[in-house]
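These notes concern the structure reproduced below.
When the chains are written out, they are named A, B and C in that same order, and each has its own residue count from 1.
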Amino acid sequence: MKRSGAAFWIGAAAFLAVAFVMTKVIGNQYPFFAGYVILQFIALAVAWSILGGYAGYVNFGTSAFYGVGVYASVFLVKAFGAPLPVQILTAAAIGALMGFALGLLTLRMQGIFFSIATIALTIIIETVVTNWRYVGGAAGIQIQRPPVTAPFDNYVQLLFFIQAVLVVLAVAISRYIQNSWIGRGLQALKDDELAAECSGVPTLRLKLLACVISGALLCAVGAPGAMYLQYADPSSAFNLNYSVSTLAMSLIGGTAHWIGPVIGAIVLSTTQQLLTVTISSEVNVLVLGVMLVLFVVGAPEGIIGLARRIFHRSNEGRE
Amino acid sequence: MDLLLDAVVTGVLLGCFYGAVSLGLSVSFGLLDVPHVAHPAFLVLASYGVFIINEQYGIDPLIAGLLITPLFFVFGLIAYRLYYETFEKRGSDAGVRGIAFFFGVAFIIEVLIIIQFGVDQRAVTADYIGKSWRIADTRIPYRMLVAFAVAAALTIVLTLYLSRTFMGRAIRAVAQDQEALRLMGANPIRVKQWAFGIATAVLGIAGALLIIVAPVDPTLDRAYIGRTFCVVVMAGLGSMSGTLVAAIILGVAETIVTTMVGASWAPAISFAMLLGVLAVRPQGLFGRRS
Amino acid sequence: MTMAPEAPAPLLRIVSLTKRFGGFTAVDNVSVDIRPGERFGLIGPNGSGKTTLINCISGAFRTEPGTVLFRDEDITSLQPHMRTRRGIARSFQIPRPFRSMTVAENLMVALDFAAHEHVSVAQRRDTMMGILTQMGLASKANAAATQLSQVELRKMELARAMATHPKLLISDEAMAGLSSSEVDEVLDLLMSLASHDITIIMIEHIMQAVMRFSDRVMCLDAGKIIAMGTPSEVMANQRVQEAYLGT
């Protein structure tokens, strides 16, 4: 237990160190543009699976949280010229509130109905933002990046590094939850809510906690998106693709362990990044659809499940 | 006041059209519990099918729609078989994985259409498209009247089918009690597969209406996820006449909001109503499940 | 008025409890006291309201009107997990294991969340193994819950309930669908669990088991109490016989 904890933190520190060194050594901007997107999806998938994976409440509203994160930044920059850390923290706070509201929904809805309700929330919020003139309405809005601060030479590198920090944060939280009583309680309520209650699990409080944490992280990950694109418009920020991609990444990787969404996000978004470069963005969506269908049908437990099965079989062979 | 009356008339016609595109979902989701979020994608696919036939052979879009129904019936049979084998048979969390599966299917359909036809809007030609009927100050486009008539006819036919024929009654029975049906000697899976086939076949005609009412583009299905699910949940899962009533309520609400507040608010109407219904009655207005 | 020394304060007191579903009254104005250490049998034909009553006691259903008092505390509006933490545990008519977990993990959920005092993980593991041994499930500790046989599943449910340190254990038809030797096994188990500190309410259709087990038996029919007393009294009761024979 203790040793794997140390290994995890050493790994996390090494990951951040590599990310930082990359910004110093690599002159070309493209790896950071692509890398930012991959990191962003890792963080989204990990954050999503805290609710969708551990607790089994499938949230199709990732786009809502992401979009609100983007627009929280847009508003803060336009109104106060707020710096990036303030944007991210504010987005996290708003995301936590939204998560709380989502948690209250779980009181009355389960399964498919919960999922449909989260899609509904997304479109409603998107419509409100579309009609909000101050942040640009349907046409979108241009955003000026502030000058970059040391030790970075370039704003995209800064964003890349910040997204790497968010990844570490999301993974650390997810890992903590999985290994603690919270994770066991969530797993219990995922299996059977009434049996969990009758075993002393405070299901509502745990669901609210999972929703708040997941929501805060999802929004925080969206916040730097405005600065990344230097532009925001409702139909991109709230695009359903974020919801389906995030879900697909978690399912592809497997939701039983925190590493699952990380693997799924790396596999899917790297593939997508490579294909966008070489082919076109439509193929992106096609890859998403095909991978989603293939994994849901062929490997319901995701890559983790596949790996475990193979590992099991080779173990049995040895005996 | 005239404006409001105008909106109500337009809304009723629009609502009937929404009813027609939701009927299939009312069977597949309402009666069979399949979380068919790819329903609107199949709808758009049908529209493109109608578009091809109309453009190539100059056949009337409605007849074109009828022509593709057998093909869609077969699609439906295959789709349900696949869904059953991979999800329902395995049991646990079929719903959640099912919804992910159908999203995947919807995305694939979207992209295939884009690859074949591009992202531009496509429209069909027919005598009744582009002309309208004037009564007093109100102008009613003929295409909306066509949609209205076809929707009414479809609802009546489906209602009769489900209540008068042996297979129709079996479909309704399977929704209520699968075991009872098995005891009667019918195979519930066959019945459900047949029902799903019908639900998909209806999309052939609904797809024709979709492209008659307005030009279509490949991602139009996203706008109809909310509308169709709103209608079906509001209708109380599986009632055909309820579907038409719920669709009219939605149509009127959307039109009034568009006239009074602005078209940019329209997309939220169906979802807000859906959320409202879910919040009050998590299983739909007249949810049949206990 | 003085309290007789042999009648201690009731552990569980149900006062005029009624539960309606729409127009259907499942439990109709039921009042009963359960004494500490008692072995209480609850019988009645199918649909007589037994499980509904249990759901009201354990908190799965909200009741109104009616009051549920546990150790002199009004728990009527408490959520189920709060009731579990106060000492009410139950098994389910149709077993509801945590399917993605092992037997040991199933018990750990209860130990993690319902344990009364703060104890170390090692101590909790010891407690868990103790309970599993008592239940004859020690060899199955690392088996997946989905791989258990019917009787093992029943035992695991009771074990999970015991892991919450209950003062009141409600067994909801823990013997349904078991062979006669398995019935005896579970019955012996329940007998061994009952003690001065653990009161047991047993719902059962197998009449022999209820009669052997109970100090006192209550019979429900159509949501109403139609008989209460010693097992032999209740068996001899005219209305109980009618309810069961359906005349």
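In the analysis below, a residue touches a chain if its C-beta (ideal position, glycine included) is under 8 Å from a C-beta of that chain, and two chains touch if they have at least 3 such contacts.
Model, not experiment: these values are computed from the prediction.
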item	value
Touch-based graph of the chains, sorted into line, ring, star, complete or other	line
Centre-most chain [mean C-alpha coordinates]	A
Averaged-CA centre spacing for the pair chain C and chain B, given as whole angstrom	48
Mean-CA-position distance for chain B and chain A (Å)	32
Centroid distance [mean C-alpha coordinates] between chain C and chain A, Å	43
Multi-chain contact residues (two or more partners), chain C	99
Chain B, residues touching no fewer than two other chains	none
Multi-partner residues of chain A (each touching 2 or more other chains)	none
Contact footprint of chain B on chain A as seen in their complex	56, 58, 60, 105, 108-113, 115-117, 119-121, 123-124, 126-128, 130-131, 138, 240, 244, 247-248, 251, 282-283, 285-286, 288-293, 296-297, 300
Chain B residues within the chain A interface of the complex	35, 82, 86, 90, 93, 95-101, 103-108, 110-112, 114-115, 222, 225-226, 229, 233, 262, 264-265, 267-268, 271-272, 274-275, 278-279, 282-283
Chain A - residues contacting chain C, complex	181, 184-185, 187-188, 190-192, 194-204, 256
Residue numbers on chain C that touch chain A, as the complex places them	58-60, 79-81, 84-85, 89-90, 92, 96-101, 105, 108-110, 112-114, 160-161, 163-164
